[in-house]
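Look for chain A in each of the two complexes below; its partner is chain B in the first and chain C in the second.
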Partner chain A sequence: MASVSLKKVSKRFGDITAVENLTLEIEDCEFFSLLGPSGAGKTTILRMIAGVEKPDKGNIYIDDIPVNDVPPREREVAMVFQSYALFPHKTVYENMAYPLRKRKMSEADIKRIVEETAEILHIKPLLERLPRQLSGGERQRIGLGRTMVRQPKVFLFDEPLTNLDAKLRVEMRGEFKKICSNLKATVIYATPDQLEAVTMANRIAVLDKGMVLRCDSPDELYNNPKNLFVAGFIGSPAMNFISCTLTEEKEKAYLDAAEFRYEITDIAEKIKLRMTGSKVILGVRPEHIKISRSMKEGYVQLEVFVLERVRPEIIVDLKAGEKIIKALAPAEFYANIGDKVWVGFEKIFLFDERTGEEITGGVVAFG
Partner chain B sequence: MNVLRIGIKTKRKIVDVLYYIGIIIVLIVVLFPFLWMFLTSIKKESDILTIPPKIFFEPTLDNYIFVFERPAPNIINGLMNSLIIVGSVIALTIPISMLAAYGFTRFNVGGGHLQFYILTVRMFPPIAAIVPYFVIFRNLGLLDNHLSIITLNTLFNMPFTIWLVAGFLREIPQDLEEAAMIDGATRFEAFREINLPLIAPALAVAAIFAAIFTWNEFLFAFILTRSEAITVTRIMAGFYTERGILWGPLSAAATLCTVPMFILALIIQKYIVRGLTFGAVR
Partner chain C sequence: MADVRLEHLTKKFGDVAAVNEINLEIKDKEFVCLLGPSGCGKTTTLRMIAGVETPTSGQIYFDEKPVTDLSSKDRDIAMVFQFYVIYPGMSPYDQIAFPLKVRKVPEQEIRNRVKEVTSLLGIEYLLERSVSQLTVDERQRIELARALVRKPQVYLLDEPLTNLDAKLRAHMRAEIKRLFKSIGATTIYVTHDQVEAMSMADKIAVMNLGVLQQYDSPDGLYDGPKNLFVAGFIGSPAMNFTNCTLFEEKGKAYLDAAEFRYEITDLAEKIKQESTSPEVVLGIRPEDIEVDVSRKRSALPADVSILEPMGHRAVAHVKVGGITLVVNVDLPELKTGDKVWLTFKREKIHIFDKKTEISII
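Right after this comes the complex of A and B.
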């Protein structure tokens, strides 16, 4: 139970900058997620908090105490590695007992705690086995169990579900969330999967190239992404981006894409103030696209490229010039490939093409 | 169906037979010198150098008695000294190499250059440096002393051992020791409790290599020892006398000389097999 903060932390490996001038405040008992593609610096941040990596610059605080020079064993943090890092020559029991042995606990206490933890994680029958005799999901539980046997101030999870198969990942995600809410501790969870982050975390820091792009609640990131990278990273299927030019004709303003034009007279003034060039990027989430078989006011005509039945919904791939726009349609929707349909946007985001910043100042709703 | 099955069975039998014939040929090639050595050691002098070689002869233990009854330093001193030297070399080489390899693999000490430099020691022909070594050890008063031989053998064994152990350590994910350190271990404890058990097979392999190299080492022993620290190889050279090569006693000494290494190989054998197939930690 502790707060963790990083102040202006930088870390380089040779010529590669892993983390650049990073500042994060993670509150006590928060489920905090570090979200970013591989190479974004997530693992490096966790390793620095754990103490196995030293920052080149900046300070790390646990409970407001600077820990830069505190060795890992005295930091009272626990970490689950992506590889699980189980000791291959020790049994499951000994793996889980290891942190307790290091704390010189009596054999009876160790036995009690390990068995209690094994009970929670449903791994009691595995205690006498060696890690190599276990499946991926089982190893994952042992890795988690090894951190749970003691009461660390902070739990660090480095992509714990990444190495599991898809079905098990969904299963473990729910279980993970349940277990973590019972831990009553600060949890820092690194993942490249936005779904894991938005379903489990209270707050998410979106990272790219060692920098924090946004740090906010999942809802806020979804509704108000503020820049292209975050907009593209949060949400599944991902937001569609269409490059447009802002054109004005007879006191009306249009977004001019290659295949269609879209009227935005109402917000044109606001946008123009914040634009740095003439190009903007139109961002629309698949779930905000309405498809109609007949013409409607303000709708644009596009061609159906392919249908992906994901059930219960359908992802409709629409062709706009060279670009494919993905839209989410209800299960009843049907169209043949090559059909012309009418498409309307319920909500749009506009981004400056040059800076990638959002220029509408929040979501723009239509219709 | 039946015909096919019989076909497969006979085929497998033929493969098995060929396999064993191959093994037998290899064994004959490898073991023949040992057989010749052993037979020579139990032949009378008059039976040794006959042409054609005598296959049936009256065995004798005279050669062994001769070897043991020679005035000191004899084979017993040689075996004792060699055992002391081999034991000390292993006791020094293994811990030093293990820690050096850890430093090289985990902290990249010397950026790879230092490790390569150490490996070049192995490429260097020892005979080129034997005169300076002689002078150095003479000035240190360590001629005919176990210490000088132990030092040199340790020096020349370490490069290979470091290289071998470093290769094994690189195979072990760094996550393991880091997990141990986060869970409350010091770096040294993490090494001892996590890495050491995992590289034990490599250490066994390294130990037997060091033992064989040191046991067979002749050059340093020839130049630097005389009687106090005389090694078994140097003793054997003593059978090349002014009245000719004493084939019988030489063979007897050589036979005795192989016994300790044979026993060592038997003990460490299973580790070697495990060590050479090691690598799959996960």
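Right after this comes the complex of A and C.
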């Protein structure tokens, strides 16, 4: 159990800035996720907390004690990787006992700790098996078990589920969350998969190019993303973005997109205060789009590009100029390619095209 | 374009049947996915259709004409792979034109075809670039263009989206589906990803251990899986399965799952006729369980053990005694540890024979 903080930390590798002036406060026993595409700096941050990489600038604290000069093995942090190097010729029990043997712990203590850990991970029946007799998910749990027996204060996970197939990843996500909540330890979890981050973490730092763009709870990031990158990164299917020009005509204000025009008179004054030009990006989540067969007030007409019958809901791809907009619809919805439908937006976000900042100052909901 | 028919198609490697007695009919202009986990035989099947693998037994027909003994180049097919074959030192134009050049198509016709397909894919602008400047998805589009530049009888695609990131994959899915629909091509697409298959295919052939499990539309597979394997493979989060025993008392019939009992008097006769024993598996999808936060008559009490928020909804793992069920919920206030009441949507339950794993209801 420990809090971890990074204050104004920078790290360069040659000409490349991996982490830039980064400040993070991770609380004791928090499940904290580092989320970002590859190259965002996630692994470098973990390695600096673990002590295998030294920051060029700034300080790292564990429980408010500066640890920049503390060697890795004295930090009581443990790193779990996406590929778990288990000893192939040792049983599961021996694999898990290995870190304790190195510490010259008594056989009785080793047995107690390994068995307790195996209990938490539901791997007791596997203790006598060899790694090759295990499935990918089981091996993943053994890798985790070998880290847990050391009882570190902080667990660092580097994309632990990335190598598993889709089905197993969904299963392990829930299980992992449950296990971690029983660990009574601080967990820092790096992943490029937004679904893993939002389903598991208490808070998420969204990273891009070595910088923190947002640090907040999953709900806040989803409901109030504040900038284009976060908006496009959180949520699946991803938020749709449509380039528009703000135009005013006879005391009404519209967003002019290539294929449609959308009235926003009621919020025009407010957004104009924050705009740096006339170009805005309209952001709409697929789950906030309503499709109607007949014309409705405030709806715009678009063409059905294709239907994707991914259940339980289905995805309706709509053509708006060169853009494809993805909408979620109930499974009962059927349409042919090329059908014209009417489309309404229940909730929209607007971003300044140049700065990428959200300019409605929060959520705009209609109807 | 052509119909494709597989008849008792079998491929053995030593004693192992990688593909076992597959019968499949793919109609002209249909988009069919071969779907299954690794080792299910989907790629071997595709390779036999392509003519790069020889079947141990069985026949392959294109438009009722047997092609089993024809070499790959005489079958008039085009293939797209997961690893794009970009010929080094060739411009994007030459990459796309290559299949026509080797067939000695006149230069003018090649130019017209390349122009046609690049405009169809919206990649005319790539023709001016050098191959080394291309991004992963641009390379994938070049690969697609090279397949489309010919007008073969059948297009064969082997996991072409696997190397793209999640977002691009979601985008390309819709694009590929529309593309092959608009050119009206018979397409056979191999994938291990059920989301990809569900989103693109007219029909899906689900395979496991070399055997065809079910061949149906995406909705057909989702709503009416024929066995436990298909039921568990299609859909995410996966269908919940609970082992039960059929048992009767005072003129009523129940499924007894140890932790709870579920009345199914009206279905008892059918179950008794079609099952091999009273041991059955009750299957219900996460969205077909209604979740209430207040007590409800005849609802099942449960505790929320894990909550996975996903923006517009959440997935909850709930415990009924020792049984964990996964449910979709739309209750923003729900917390771990909360008590909830579950109701199964009656018309959505599935019942499978425990031993044969075949669907009864």
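The rule we apply is simple: the second predicted complex is superposed on the first by the 341 of 367 C-alpha atoms of A that agree within 3 Å, B and C clash if a C-alpha of one lies under 4 Å from a C-alpha of the other, contacts with A are read in each partner's own complex, and residues count from 1 in each chain.
One rule holds for everything that comes next: a contact is a pair of C-beta atoms (placed from the backbone, for glycine too) under 8 Å apart; a residue touches a chain by one contact, two chains touch by 3 or more.
On a predicted model such as this, the values are computed, not experimentally measured, just so you know.
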Which of chain B and chain C A:324 touches, first, second, both or neither: second
Touching partner for A:315 - first (chain B), second (chain C), both, neither: second
First (chain B), second (chain C), both or neither touched by A:151: neither
Partner chain(s) touched by A:78 [first = chain B, second = chain C, both, neither]: first
First, second, both or neither for A:102, with chain B first and chain C second: first
First (chain B), second (chain C), both or neither touched by A:170: second
First, second, both or neither for A:234, with chain B first and chain C second: second
Partner chain in contact with A:87 - chain B first, chain C second, else both or neither: first
Superposed model, chain A: greater residue contact from chain B or chain C: C
Partner chain in contact with A:287 - chain B first, chain C second, else both or neither: second
Intersection of the chain A residues that touch chain B with those that touch chain C: none
Complex interface listing, chain A residues touching chain C: 37, 165-167, 170-171, 173-174, 177-178, 181, 192-193, 195, 198-200, 218-219, 222, 232, 234-238, 285, 287, 305-306, 308-312, 315, 317, 322, 324, 326, 331, 337
Chain A residues touching chain B - in the complex, by the definition given at the top: 47, 50-52, 71-73, 75, 77-79, 81, 83, 85, 87-89, 98-99, 102-103, 132, 146
Residue ranges of chain C touching chain A (in the complex, touch as defined): 37-38, 122, 165-167, 170-171, 173-175, 177-178, 181-182, 192-195, 198-200, 217-219, 222, 233, 235-238, 285, 287, 305-306, 308-312, 315, 317, 326, 328, 336
Touching residues (chain side chain B, partner chain A) in the complex: 173, 175-176, 178-186, 189, 194, 197-198, 281-282
